[in-house]
Every structure is written in structure tokens, then in C-alpha cells.
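So, here's a batch of structures to check.
What follows is a pair of complexes built around subunit A, which joins subunit B in one and subunit C in the other.
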Partner chain A sequence: MSENTNSTTTDLDYKKAKKKEEMKQQVVTFALMIVFTIIAFTMVTAGLDKLFVIPILIILAVVQVGFQLYYFMHMSHKGHEMPSIMFYGGTAVAFLTVLTMLVLVWW
Partner chain B sequence: MSTTIAQKRGIGSMLWDYLTTVDHKKIAVLYLLGGGFFFIIGGLEALAIRIQLIKPANDFVSAGFYNELLTMHGTTMIFLAAMPLVFALMNAVVPLQIGARDVAFPFLNSLGFWLFLFGGLLLNASWFLGGAPDAGWTAYAPLSTTSPGHGVDFYVLGLQISGAGTLIAGINFLVTIVNMRAPGMTYMRMPLFTWTTFIVSALILFAFPALTVGLFLLMFDRLFGSGFFDASMGGNSVIWEHLFWIFGHPEVYILILPAFGVFSEILPTFSRKRLFGYTAMVFATVLIGFLGFMVWAHHMFTVGLGPAANSIFAIATMAIAVPTGIKIFNWLFTMWGGSIRINSAMLWTLGFIPSFTIGGMTGVMVAAAPADYQYHDSYFIVAHFHYVIVGGVVFGIFAGLHYWWPKMFGKILDETLGKITFWTFFIGFHLTFFIQHFLGLMGMPRRYWTYGADQQLELGNVISTIGAFFMAIGAIVFIYNVIITTAKGEMVSGDPWDGRTLEWATPNPTPHYNFAQTPLVRGLDPLWIEKTEGRKGMTPAEPLGDIHMPNPSILPFIMSLGLFIAGFGFIYQIDDPRWLIVAIVGMGILLGAMFIRSVKDDHGHHIHKEDLEKGAGL
Partner chain C sequence: MSQEHTLNPEVFPDEPEKATLEGKNKFLGFWFFLGGETVLFACLFGTYLALQGSTVGENTAENLFGLELVFIMTMLLLTSSLTSVYAMYHMKNNDFAKMQVWLGITVVLGLAFLGLEIYEFYHYITHYDFTFRSSAFGSAFYTLVGFHGGHVLFGLLWIITLMARNAKRGLNLYNAPKFYIASLYWHFIDVVWVFIFTVVYLMGKVG
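Up next is the complex of A and B:
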């Protein structure tokens, strides 16, 4: 954020614009996350059918995790290929494993 | 140089140096000592097992003690000998191979070692405190949940602590390899040993949590009255088997892949040819790592998962044989037409190829689910996994030690003694384990403390025991070799084998900052490229400048000690709640050390350009 004396003005403008854009995205996602949380809590307290509430809760949670990773932890930036591979690889393996265990143990 | 300095300093300051070190090269030495120590203990346990089985109805040890020996042999060899020895090689070599000055997390690196050591000591303390664990290295419930005494509690807490160390070490190597490669060292220019370390670290990251969870559940069942594995309380003992093998099968690949890496380094060097099919080798490694997670239930074919599950896991298991086969052929083709030098490191490599192939073949045999009903829990399985673990991992460790000894200690291990070690060990290995295939087929079950005189199992068992003594002799000659070389050996140059990869670009002894200037990597086998173009060493990627290095710290040792103390508290609180005080004190030590680590700023130190130019820097 501090002025970088070496960069040319256009460079600086570009960086500023980018920062601004990013800031906007963060504010929007932050607001959305608060909304999601309110939705989640009201759904639970409203005493709706479990079969309806639980899947929606899970979807909301997954979206929130995505927001966290991509907008707050900057995974949308360049240079995050390896973390993405590890992240999705690990999730895939964990998902398959849990699924198989469920099928094998409780079926 | 470092030895003369060590002689000048007192024993005390040298001890302090090693207790506090965060230098990956010294941590490698620590892993070597720790792993070697437990390898000897595990070996003695194995000899006791073999003596007990030398004749029918023998009573050299009692049935209960036999169970303890057997359990501790397996647990020690896998967790406390093979893993740390592999970590010794990784620590000694990987940062050098990628042209880094250190690992990404030097502090964690040291913490990983001390956790392993104290976990291992806790586990072995059980011998003196009422009996070792006796439920097999697999600790199947409900045998493990109902085993009397504290043996299995030591298993749970000891492995939990050392497992945390392994996880930390794995994460450290992952980050190191992703972030700290020298300029030009792209992924597809990394030496195969670095590649296998990378994949193995990922396997550790994803496999060890399953063990951690399993051990926690087991701990709560045994010490805090829960019933996760207790059917009478609504639990399910098969879940333990799943958790154990979800960890356990990747674990066997965690052990074998680094050995594959070692051989992939030795063969090109001593054939004076680049590795045949480098790209195929890399993809085979990745594929083995990935498939390794899809096959765990092949250890549970006889549990009763049903034909559908058994078929799926059988096919997935056999699929692993394909990338493994690719590797075997690539090694053979690497030697094809090369100018081959045969020394001790090469002998271990050449011995590995047929031995491991036999183990792979029996692997495919036991992977055929219907046939496995015959093999399972018989000596055939014992033969299979010793062919892959001894013929693969242990041979790999010996090969790696002979190959990198001059890098780690500046001297070449004696060749004659090295050859004696190899031949006695190799012959002993096949004597011990080949006959066990047939003992298994004749119906000898594994994990029984004795057999009857009327079962015709005697001859096979005698041969097997004789073989075990050959291996012991081989190991003793190796230790003698190490002592003799340390005392009388001559220092060699930094590149005694005419090597190809970056670790041979450093002088002997390697300065603690590894590279005064980060090297520029221009292709696969970077040092070889420079040599073919007539240069002596690497082209630097940067001008000479100040080097930033981390400071040593005693905190990792203290943290691990705290967990070690807490372990006793957790184990004994079930007899007397006052032991909880010990647990709290131990955890307090851990948390206190963590607190100090967090609040105390430690920015490391700089080695100045002027000192580097003077060649000092120590």
C-alpha cells in the first residue's frame, strides 16, 4: 500500500486499481458470508425439516470455505498451482476414502 | 575440517551442538544414530524370534513374551528404524540436490527428530515397566482394546508422539521442495531421489492423519472408557482395521519410494549414463503414490467385505504392479550399454532388483483375493513383505549409506568390508525368507509362538534361523566398517564418484550454508552438464552476498521431552488419578516451550560476505 518510489505512475495506477477491486471483492464476500451465516442460523432455529436443512447447510459451508480460500487467503492469485493440486488431490482422496468406508462398514 | 573442530571442542559442547542443531546435515546424523539404534534393537528381537522357532515346541521364550517380541519387532522396524533411516538420507541429500541452503522449516525439522526419538523411547520404556505391547504391530481391536497391562497404552502414546514427528518432517520436506529449489531447477529437472521424497512427503501428509485418528480412538477406548471398537457398546472393531490400513498401505510406499529414489541415483552415476526414461520414472512414482491410497482393503480380504469390494480392491492392487514394473525395466535399461562400475553401493542395487521383483510377484499373488484366503496370516505373507521391505527398503538404505557416506562424513566406507557385508547379508536374507514361502504354503501360521514336531516344519525353520544369523553377521561387519572408516579413513574430495547431481557440487566437508552462491541449474543432472562443457563446478546464479541462516534452539528437545513426560501421565492415570498431575506437568512444559517460541523473536544470523571470501563462515 505504501508508495513505491521506483515504479512509474501508470504502474502505480494499475496497482491502485487492482487493490481497490480486490478490496471491493473482499467486502462483498464478507457481507455474503455474514448473510449466509444468518440464513444458516435462522433455518436451524425455524425448525424446518432436517432433510431440507442439512443439505443446504452443507452447501453454504462449502461456498464459505471457497470464499475464504479464494478471496481472503488469496488462492485466486497466481502462483497457487501447487497448493491447489495438494488441496484438491487431498480432498478427492479423503472423499473417496470416507465414501468407501461408509459403504463398506454400514452397508 | 569439522572433525578437527569437534576434537578441539569438548564433548559437552559437541553434545549441546547436536541437541540444539537446526542444520539439516546434522539432523541427518541424528536420524542415522537414532534409526540405527532402533534397528539394532529390532534386529535383536528378530534373532530371539528366530531362535524360539528353530525347533518344534521350543521354550526359549514364553508364549506371552513371544507376542511382545513379535509386536515390538514389527513396530520398531517400521516406525523407529526404517522411517528414520530414510529420513536420515532425505535430510542429508535433498536440500543439497535442489541447491538450497537449508530446509524450509529448520526448527520444525529438529522438532520432528526429537519427537520421533522420544516417542520411540516411550514405546521401548514399556519393556521395563510391566511388559511391552503384545497385540501385533497392527494392534487389531478387540485384541488391542482388551490386552491387559499397559503394553498397548505405550504403543498408542509412543506412536502418537513419533507419528507427530513424522508428519512434521513430511510437511517440512513438502514445503522445502516446493519453495526452495535453486533457479532453473524446474520440477522436471529434479533428481529422482528428490521426486520420491516429494511424493513420500505428500503420502505422509495424507496417510498419517488416519493413524492419528485411529490411535486417538484406541486411546479413548483403553484409557477413558469409550467404545469405538467395542461391539457390545455399539462400536465396530472393523473400523480400526480400515483406519490402520488406510494409513498402513501408503506407509509401505512411504518406505519403498525413497529406496526407489536411491537406486535411481546410484544407477546413472555408476553406469555413467543419464537415467533411462526419466519422465516415465517420475510419472510412475506419482502414480504409485496415488494408487497407494486406493488399495488398503487388500489387507482385509478375509474380513468378509464381500465379493464386490474384494474384486475392486484386488484389481486396484494389481494395477500398482504396472508402474512398479515400468521402474524395474527403466533401471535395467539405464545399465544397458553404460560403462558400469561395481562397488558396494552398486552391489546393493543389483541385489535389490531380483529380490524386490520376487516380492512384487508374491504381492500380485496375494492380491488375488480368492487365493489370499489361502495365504492370509500364513508365513507366505511374512515372506512377501520381508522380500519387499528388506529386499527393497533395507537394501536401499544400505545402498544409500554407501553412496552418500562421503557426502555425510567425508570418507568412503571400506570397499572390502562393504562387499563382505553385502554378500553375507544377501545370502542370509534369501536363506531366511525364501523358505518361508513354502512354510506358509505348508500351513505354518504367522504370529504363533511354536509348532508341533509332527508338522514337518522343522527343516524350513532351521534354514530360516541360520539365514537370520548370516544377516546379523552382515550388520555387525557394517558397524565395524563404520567404526574403522571413521577412525582410519581418508578424507576424499567433494565429488568422489564423478557424480551428476547437485549434491556433489559442494566441497568436502559441506559448509553449513551448503552453497556460498546459489547454483544455476541448466538441466537434468546439472553438475554433469557443467562437466561436459568443461567447467569444474556450477555456474552461480547470484553474486556473493551475505547469507542468512537460522539460529540453533533447544526448544524442540524440551517440547518433545514434555510430551514424553505427559505420555507417562496419560498411561498411568487410569490406575491412579494423581498421575494426571504428571500429564499436566508434561503438557505444561510443552506449552511453555511453545509460548517461548512464539513470543521470543529469533531472526537468525548472517554470515557476512567478507567471511565467505576468507573461506571461514563457520
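Up next is the complex of A and C:
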């Protein structure tokens, strides 16, 4: 019985440590997101060529959103198959929607 | 096993938000909803991009927007995303008091963001006479950014309601999914904002 209790405590400690480790990763993710944001704003204020700046801005935004989804919203965890299908399904329709509107108006 | 024991186990399971069937259903349903929200915002982004150039007079994106304010707003919302991650970290450790504190910080940061956004709109309307009816660009801008602001307001009311409703209840497997879902919503608001500050403000400023 006492052995049993012991192993539960070790298990709990292990899980707690694991969560703590994950929390550290989250903070690193956050720091990276801040850095990306600062890069994006600095590039715009620096007044570089717009054909060079705009693609980089979009890449930075996509990467930052990926961080948000996979780390902050835990999409990297197990059991997110259906959420991924639903969210990417939405993203695919979203992409087509934007494309359609731009083609309709700008053509 | 009584229901009381099921909802308040001595040791919280690994994923308290998905420990009950109701929690699992909420989790799946909410991600489905987020897929729909993505499409909704895509419509507004598409409209904005299409009508961005349809300005009247001097009130163009380049002349109007001030990046300092937008930068501060971005930092506030980004930080509030991290604080809600901290809240969920404490939720998983079954530490109700700390979760409430971090949620409280999230709410304060969200309110600051909303205050700055209201100031921004007020400034455009009073100093530049740039309103919803000024131009197609004005309509598209206020619809897109205002819709996001409406989401921030809704998220704040949601989190505040959860905090107040469960203040004396403590944390259990019945309300853990509720907190988790609200934090997902909050992160999604930040996801949308990343595209708003990139597409509307930064790309608007570049020209």
C-alpha cells in the first residue's frame, strides 16, 4: 500500500515537472513572437522597398499564428486530429473567400 | 461513485478539459466554431483588401494610421495571450486561486487594449473626420477592426462571467472545460489581431 502511494507521488511529481517544462517552452514561444512583431514593425518604419517588405510581413504573421495555434492553443498535443481538420477546413475556405473577393474587385 | 466525486477527484486528470463527455464535446464543437469564425473574418479581410484603395480625399491608410499606438495594442494583446496560457497551466495543476489571478491579469490587459482601440476610433472620427460613412475604405476598416474589437469585448465579458460565477465554487471537472474553451477563444482573438496589424496597419503604412 505504502509503495503504491509512493509511486503515485512520483508520478504526480513527474507530471508536474512536465507541465512546468511545457510552460517554459510557452514563455520562449512568447519571446519569439515578440521578436517577430518588433522585426515586422521595424521593417515598416525603416521604409524599405514594399515588394521586399510585404512578403516578409506575411511570412512573419503566418509563423506567429502557427506558434499561437500549436503552442498556445496546444494543437501540437495528441488528440487534435479533428480540431486540425476543422480549423484547416475553415482556413481553406477562408483563403478561397479572400481570393474570390480580390479577383472580383481587382480584375 | 457519486457525481460529486467524479467532478472533484483528489488528483486532477492530465487533461481536465477533456475528462468528461461534455468537456470532449465542448472541445470539438468549439474548434468547429473557430473554423467558421476564420471564414467570417476572411470575408471581412477580403472586403477590406478589395476596398482599401477606395478612399475619398486625404484619409488614406498611409495618412491615418499611427504605428506607435498599434504597437502598444499588439504588445498588450500578445501579453494577454501569454497570461491566459499561465491561467491554463494553473488550471491543469488544479490551483484555482492562481488561475483566477492570471485570468484577472488577462482581463486587465484586454480592457487596456479595448480602451486604446476606442481611443483610436475616437481620434479618427474627431480629428480626421474619418467615419464609417466617409468612404468604402472607411466602411471596410471599421467593420473589420470593429468586429475584432467586438470579439475582444465578448471574450472579456465571457471570462469575467466565468470568474464571477465560479468564484466560490472552485475548480472541478464540470467547469474546467469552460475555462479552457474561453482561453482558446482568447487566443483566437490574438490570431485574428496578428493578421489585422499585419494586413491593415503595417501593409497599409507600406502602401
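Couple of notes before you dig in:
The rule is short, and it goes like this: the second predicted complex is superposed on the first by the 86 of 107 C-alpha atoms of A that agree within 3 Å, B and C clash if a C-alpha of one lies under 4 Å from a C-alpha of the other, contacts with A are read in each partner's own complex, and residues count from 1 in each chain.
Basically, a contact is a pair of C-beta atoms (placed from the backbone, for glycine too) under 8 Å apart; a residue touches a chain by one contact, two chains touch by 3 or more.
These figures come from a predicted structure and were not determined experimentally.
Taking subunit A as the reference chain, the count of touched residues is higher for C when subunit B and subunit C are set side by side. In the superposed pair of complexes, A:26 makes contact with subunit C only, with no contact to subunit B. Touch criterion met: A:69 reaches subunit C, while subunit B stays clear of it. In the superposition on chain A, contact of A:14 is made with neither subunit B nor subunit C. Of the two partner chains placed by superposition, subunit B and subunit C are both touched by A:101. Residues 82, 86, 89-90, 93-94, 97, 100-101, 104-105 of subunit A lie in contact with subunit B in one complex and with subunit C in the other.
Residue ranges of subunit A in contact with subunit C, taken from their complex: 8, 12, 15-16, 19, 22-23, 26-27, 30, 33-34, 37, 40-41, 44-45, 50, 53-54, 57-58, 60-61, 64-65, 68-69, 72-73, 79, 82-83, 86-91, 93-95, 97-102, 104-106.
Across the complex, subunit A is touched by residues 11, 14-15, 18, 27-28, 31-32, 34-39, 41-43, 45-47, 49-51, 67, 71, 74-75, 78-79, 81-82, 85-86, 89, 92-93, 184, 187-188, 190-191, 194-195, 197-199, 202-203, 205-207 of subunit C. Of all the residues in subunit B, the ones that touch subunit A in their complex are 174, 178, 202, 205-206, 210, 236, 238-239, 242, 246, 290, 293-294, 297, 305, 309. Of all residues in subunit A, those touching subunit B in their complex are 82, 86, 89-90, 93-94, 96-97, 100-101, 103-105.
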